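Every chain is named by a letter (A, B, C, D and E) in the order it is written, and numbering of its residues begins at 1.
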Amino acid sequence: MDRFVFLTVNGVALGAIYASVAIALVIIFRTTRVLNFAQGAMAVASAYGGMAVIEYSGSYWLGFTTALVLGGALGAAARLTVFRSADRQGHLNPIVIGIGLLIVIESALAIAFGPTERHLSTAFSRDLLHLGGTALLSRQDLFTLLAVGVVMSLLAWTLTRTRIGLQMRATAFNPVVARLHGIKVGHILTLGWVIAGVVGALAAMLVVPTGLGLFPQAMDLVFVLGFTSAVIGGLDSLSGAMIGGVATGLALSYASGYLGSELTYVAAFVLLLGVLLLKPAGLFAGTTARSV
Amino acid sequence: MLQIKLVRHGLLTLAAAAVVALLVLQSEDVSNFEYIQVAAYVCAAAGLTLLIGVNGQLSLGHAALMAVGAYSAALYLRSGSEDSLASAGDLFVALLVGSVTAAVVGIAVGAVAARLRGPYLAGATLALGACVVGVTTYFDHLLGGDQGLTMPLTEVPAPLSAALTSYQWSALVSLGTALLVLFLLTNLKYSPVGREMAAVRDHEVAAQLCGLSVARVQINTFVVSSAAAGAGGAILGVLYLQIASPGAFTLFLSIYLLAAVVIGGLGSMRGAVIGTVIVLYFGRLIEDRVAHLGLSTAQTDRLAAHLPLAAFGVLLIVVMLAVPGGIQGTLGRIAPRLLQLMETVGGKK
Amino acid sequence: GCGGTSGDATAGAPGVTEDTILLGSTQALSGPAAPYAAIGKAMTAYFDYLNEHGGVHGRSIELKIADDAYNPSNTASQTRKLVLQDNVFAMAASLGTPTVSAVSDFLTQNKVPNLFPTSGSRVWNQPDKHPAAFGFSPNYTIEGKVLGTYISEKFPDKTVCFFGQADDFGADGLAGLEKVVKVAQKQEYSPANTDIAPQIGALKSAGCQVTVSFTTAGFSALTLGTAARQDFKTQWVFTGSGFDIPTLEGFLKEDTIELTEGAITSAYLPVSTAADNSWIKLFKEINQDYNGNARFDFNTVYGMSVAYTVAQALERAGEDLTRDSLVDAVAKGGIRGPMLTPFQYSEDNHSGASGTQVYVARAGVLEPASPIYTTDDGDGDVVESTTPPAEAPQDGLPQ
Amino acid sequence: MNTLTVTALEAGYGNAPVLHDFSVDLPAGTITAVLGANGAGKSTLLKAISGLVPRTAGSVVLDGEDVSALPVEQLMPRGLAHVPEGGGIIRELTVTENLRLGGSWRRGATARRTTELAVAEVLDLFPGLAKRREALGHQLSGGERQMAALGRALVSRPKALLLDEPSLGLAPSVVAQLLAQLAQLRDDTGLTVLLVEQNVGSALAIADSALVVALGRVVARGAASELRGDEAIRHAYLGY
Amino acid sequence: MLKGSPDSGLSVSGVTVQFGGLRALEDVTLSVPPRSVVGLVGPNGAGKTTLFNVVSGFVRPSAGQLTWDGHPFHPKPRRLVRQGIARTLQDVGLFPHLTAVENVMLGRTTQRRAGYVSSLLGLPGSARDERESRRISTEGLDRLGVAQHAERQASALPYPVQKRVALARALVTRPRLLLLDEPAGGLGAEDFEPLAELVKSLPGDPDSPCSVLLVEHHMDFVMGVCDQVVVLDFGRLVAAGTPSEIQSDPAVAAAYLGIDPTDIEVDAGTAVTLTEEPA
């Protein structure tokens, strides 16, 4: 029982991280219908920026802020350069472009910072807090949960309750009609990329310290799991991304704890299949589209 | 019409086979060895072309199906006597086993895939691709874990052994298989069956109203595509790596295959070949160019080590931006215009 | 550049000319395993030093490193290029078990000596199947046995547990350990998943008092950090290749000393922090002059050591260098180098060194805690080594 | 004064010109019907005016301002609304969200209130739609989509409205209602409409003037009542 | 007329369809006798397409039964053509990347004999099959007067041609019942006449007589071709009868034709009269 509680809490803490990656993907997908394969690499690049600032200034929060700003800037830069025309070219070309960008960014980081893992500190202590005898979560875990929760609610509110949010959704589904209604489609798309860049950078700042440290490929597998989470939740839903992330985290934690660590990806796959077989468009898919 | 098309590409295949044979006989061992890899990738890319281009289903997990081909071929070859060479007969059976096993796995994957659309399918297949390592480590007594399964070497059959080096033999077998796969898949694409695949891609409701079972067509396509990937995996494992190990069938392989298919031009078998050659050769060519820039090793070694890969990334982006329709489509569009241009220029003279 | 060497067969063997020997090596320069690129650099640095001081029998050694990004497909093509196109004389210290496994048949078929792959696997010791392949470091089973012996003497009544990578690295280490001590709890991790909290949690609940950890450096750091966070107090025992303090420092930063304090490990080469060791002194100098003063860690010591050993084998092979003469020179035995124990090379044993010494981390420095032990990977006893480690030659050149 | 003046417009797709020397004036508060066979270029005319199809020559003047050089997205804030063929309802948004989109270009403190007011008016105008206000675009029947599309354009409170075959797929009762409402809006608010219709009779019934298009050129124009009576034109171009 | 009780046609009885809180069809009963053309009219959102969806198996009714050929009928879209029913879609529904003739050939899917193996190998048998299918399909296009577009990609065809290709695709299945969803929608007046002639000729076709159920908003078209007209409003059947009976039914006029002087202006009235004027 104790172990179950332990694995559950561990899974939730992990899940919050996958959720943040999932949210970044969902944001871009919701606003541009692009699956950004370079999302992880862009996030890592932002984290390197943050790390450099932390090392130079000694202030974690300065570095943290830098990373988020850099993430936004990279998002804008990606959209305004290589992804500029990608909006109009179906869903496959952007995937290949994203892969190209992923390779370029990771190589550039290896050139600039070297391929070895670099240390990235956390905002708060990772020592587990003792609550009534059992140690479950650390301050950093709480920060992660809080940060992801706040980001999710903020974004959900923006998308569903504000004018900009409506414009973002309209642009995603039908850019031509959006333009006819006075929406500056280019700006909206860029905004989507900026937000995703910021959320991605946040994800990297949260996830990297829990792993081996910062290295160019640090987010490759996290990206796969984040994508899995997003798909489980339904790619259009922010709360779905959150739930999907936590579900993935739990599946991984249980599989790893009860079955063996090598089965973690298999567990993620099985979870994904299970969900998709029941709900082919994810847990939080809207009503199925009327086809005739 | 159709018959002309079929006869024409039958002849084309024969001509290609002749060219390939000449090429192999002319080439050094190193080049022949690389042809094996090209052949393996072409098989998988052709299968992926059918799946994505003709049937409209995306797969980011084809490397896993190639792994199935490689491992099953390995298990078959290892079931014989341990250290002896594998005969030509065994080799052919192994390729067939790889292809058939992948097809069987393809039934299961295809059945799931048939329920999924677009990005959901992409997510599921991506996750499938991430499972290879886990499965091979979990069943390490059978699949050899991280190290994989080594395979017996294959011998050149006696009547040919005087004339061919083992590389020439392997390259001939691989490229021959690839041509066969291309021939069969092209036949399929231009057959009523291929038309049904395209119909399902274009309009599922209308396809149903024509009496098609959308799921069945999608599963069938997945199976054929998996069989091609399995053949490619078996070639890669048996003839190229001589080992089946998880490190060779990573997500990146799946993604490279996708890049090859898209760069070549979706839906065209010729595009699959062009794309594969670009991803493999042109990528390597740039890498060599960059590697020979003469960067001094002491200070710039990080640069030297990673610049080639960066250049490859740039290549992918540039090709996609310059020819968004893929190379094959662009050739198709440019060629008539070039002809026209030549005619007008000729006419003026 | 190697343009001049290829195909010039004046000396009778591929890759060997009047004044050069061309060696090949596949390394992970890019990709996730790129941190090991330091090994290749250290090898090059040693050969540069050697060449400047006269080379081997008047020939300078050129090492051509090809990047395989730790992907067996790339190893396959790069090795063929090195052998068939560049005509390398031998392969030296290529990186990785799955990668080099993918080319061992090819190398054997082409009679290319496959010297000292960077891997503690047992597969290199197959003289019948691969007569020209030789291992280098003691395999993980040997290391497991030595660590087990030390534990059984030092902590006779404690609960011993095992944590290891879910592949041959972990399995071989565990096999060695279990030959000597009873293991109460075993946990595995997969390198693709950095969340090891469930495993550490299981070890903690099993009440492990001594925990032997066959982990790579990154995962050793992760293990220590995760255990500390879970308040799991145990006597840590790490495999040598995963417990190099300068490397751990890259991960743990200011927590290094606190977290590593008292941990036990073993080493088959002089440890990088042993300032007084003659080899370490030599390698530090070379590192300074020929390696741009790179971080001096296990990889650097390893790379220079293996390069020295390769050079020694070439030296012993004599003036009339052929592939056969090289293989014979190694198989004859007698090569020593910086290894703490002698290699076991003979006609029918191609495994590398046979023993290690146990160390304890004290204030960020590894201090010897046992004599040097040797054993085999079978059921042989673990015994004290009778031959003392070799001192570095004054000039740093192979003997 | 003209709300919209189109002069010597040339436009087409790629290098295939569709419209040739096309001019039309829309006096404020009038409905102008554009008639013509399938493929005559009616939709292309509307797209060229709103900038969805690139113009190669000619000018578009909206309420005295030359907007020829402006990108598509700047036209709605200046009072031009275009309801494309089929309506262009966004399938993934609800009816209310689709309607709000018509006012999403507004900025400032009162923007939200103005839009909500306009949305409420539109729902009053189309009671059928009000019942389906939470339905997603893709769930709507063909006719409901058309109503939502027209409603969305009205939410922007346009000066000039470009309507492409609004009667497509609508029941006669709805067509009648829709056109009647259009006429009402013209009379009450001075709305100016350029109305493309296949449904010649209905269009001419409410239009003030009309033009007949064939092969991208204006082949006849005049007051609606004149064209209605002109046998020759009816036979030649209107097919009845 | 193959089996079952041949002359019983399609009948729908007591069908109800619910979408969440919306009742799209409520207790609808109607029948399409053999060799007849039945029109289904009603305001937008009345449930006409939904009824088509029930008959073609895309929507499962929450109550009610269907019979076809005298047997209880549980339609599935992909079985439909085999059972002798073809349907066109409101939004044309061609395969945009295929040519016109390929589109029509897909209508003959159920007659395909060549399997995977012979397709993979490109055996002559499959080529023969293919030639035959192409010939029949070209004839199908010709019957609708669009054979000259056979080799053009469907997405590049003008809208009226697309509509005809879609109709040709439905006809080559040799249906005994054809469901037409707004066949005249988006067509110019000049295209009405030939279409009406065609639809009228179907029930009497000497080699494959076929009854028709059609949804259409152009009243003159409906009145011209239908033997029977059924009127739906808010999912309920409000009237049924011959075209002339329907036209004179005051309930229908109010619900559908919009002739209710109390809430519609004079102009609108004119509009309606005008639509009815020609033909």
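Quick notes on this structure:
By definition in this document, a contact is a pair of C-beta atoms (placed from the backbone, for glycine too) under 8 Å apart; a residue touches a chain by one contact, two chains touch by 3 or more.
From a predicted model like this one, the values you see are computed outputs, not experimental measurements.
The chains that touch subunit A as well as subunit C are B. In terms of the stated touch criterion, the partners common to subunit C and subunit E are A, B, listed by label. Chain centres here are C-alpha means, and the one lying farthest from subunit A is E.
The greatest centre-to-centre gap from subunit B, using C-alpha centroids, is found for D.
Chain centres here are Cα averages; for subunit D and subunit E they lie 30 Å apart. Subunit A and subunit D have Cα centroids separated by 43 Å.
Subunit A and subunit E have Cα centroids lying 48 Å from one another. Centroid to centroid, with C-alpha atoms defining each point, subunit A and subunit B lie 31 Å apart.
Across the assembly, subunit C contributes 30, 34, 37, 166, 190, 192 as residues in contact with two or more other chains. Looking at subunit A, residues 107, 110, 115, 220-221, 260, 262, 264-265, 287, 291-292 sit in touch with two or more other chains.
Shown for subunit D are the residues in touch with two or more other chains, namely 139. Pairwise chain contacts in this structure: A-B, A-C, A-D, A-E, B-C, B-E, D-E. Subunit B contributes residues 52, 58, 112, 115-120, 122-124, 126-128, 130-131, 133-135, 137-138, 204-205, 251, 255, 258-259, 262-263, 266, 302-303, 305-307, 309-310, 312-317, 320-321, 324 to its touches with subunit A in the complex. The residues of subunit C lying in touch with subunit B in their complex are 29-30, 34, 37, 41, 44, 67, 70-73, 76-77, 80-81, 84-85, 97-99, 101-102, 104-106, 109, 121, 123, 129, 166-168, 171, 190, 192, 292. By the touch criterion given at the top, residues 30-32, 34-35, 37, 166, 188-190, 192-199, 201-202, 205, 218-219, 221-222, 225, 228-231, 250-253 of subunit C touch subunit A in their complex.
Subunit D contributes residues 50, 52, 71-77, 81-82, 84, 88, 90-93, 97, 100-102, 104-105, 111-112, 136, 138-139, 152, 156 to its touches with subunit A in the complex. Residues 56, 58, 77-82, 86-87, 89, 93-98, 102, 105-107, 109-110, 112, 114-116, 119-122, 124, 126-127, 129-131, 133-134, 169-170, 173 of subunit E are the ones that touch subunit B when the two sit in their complex.
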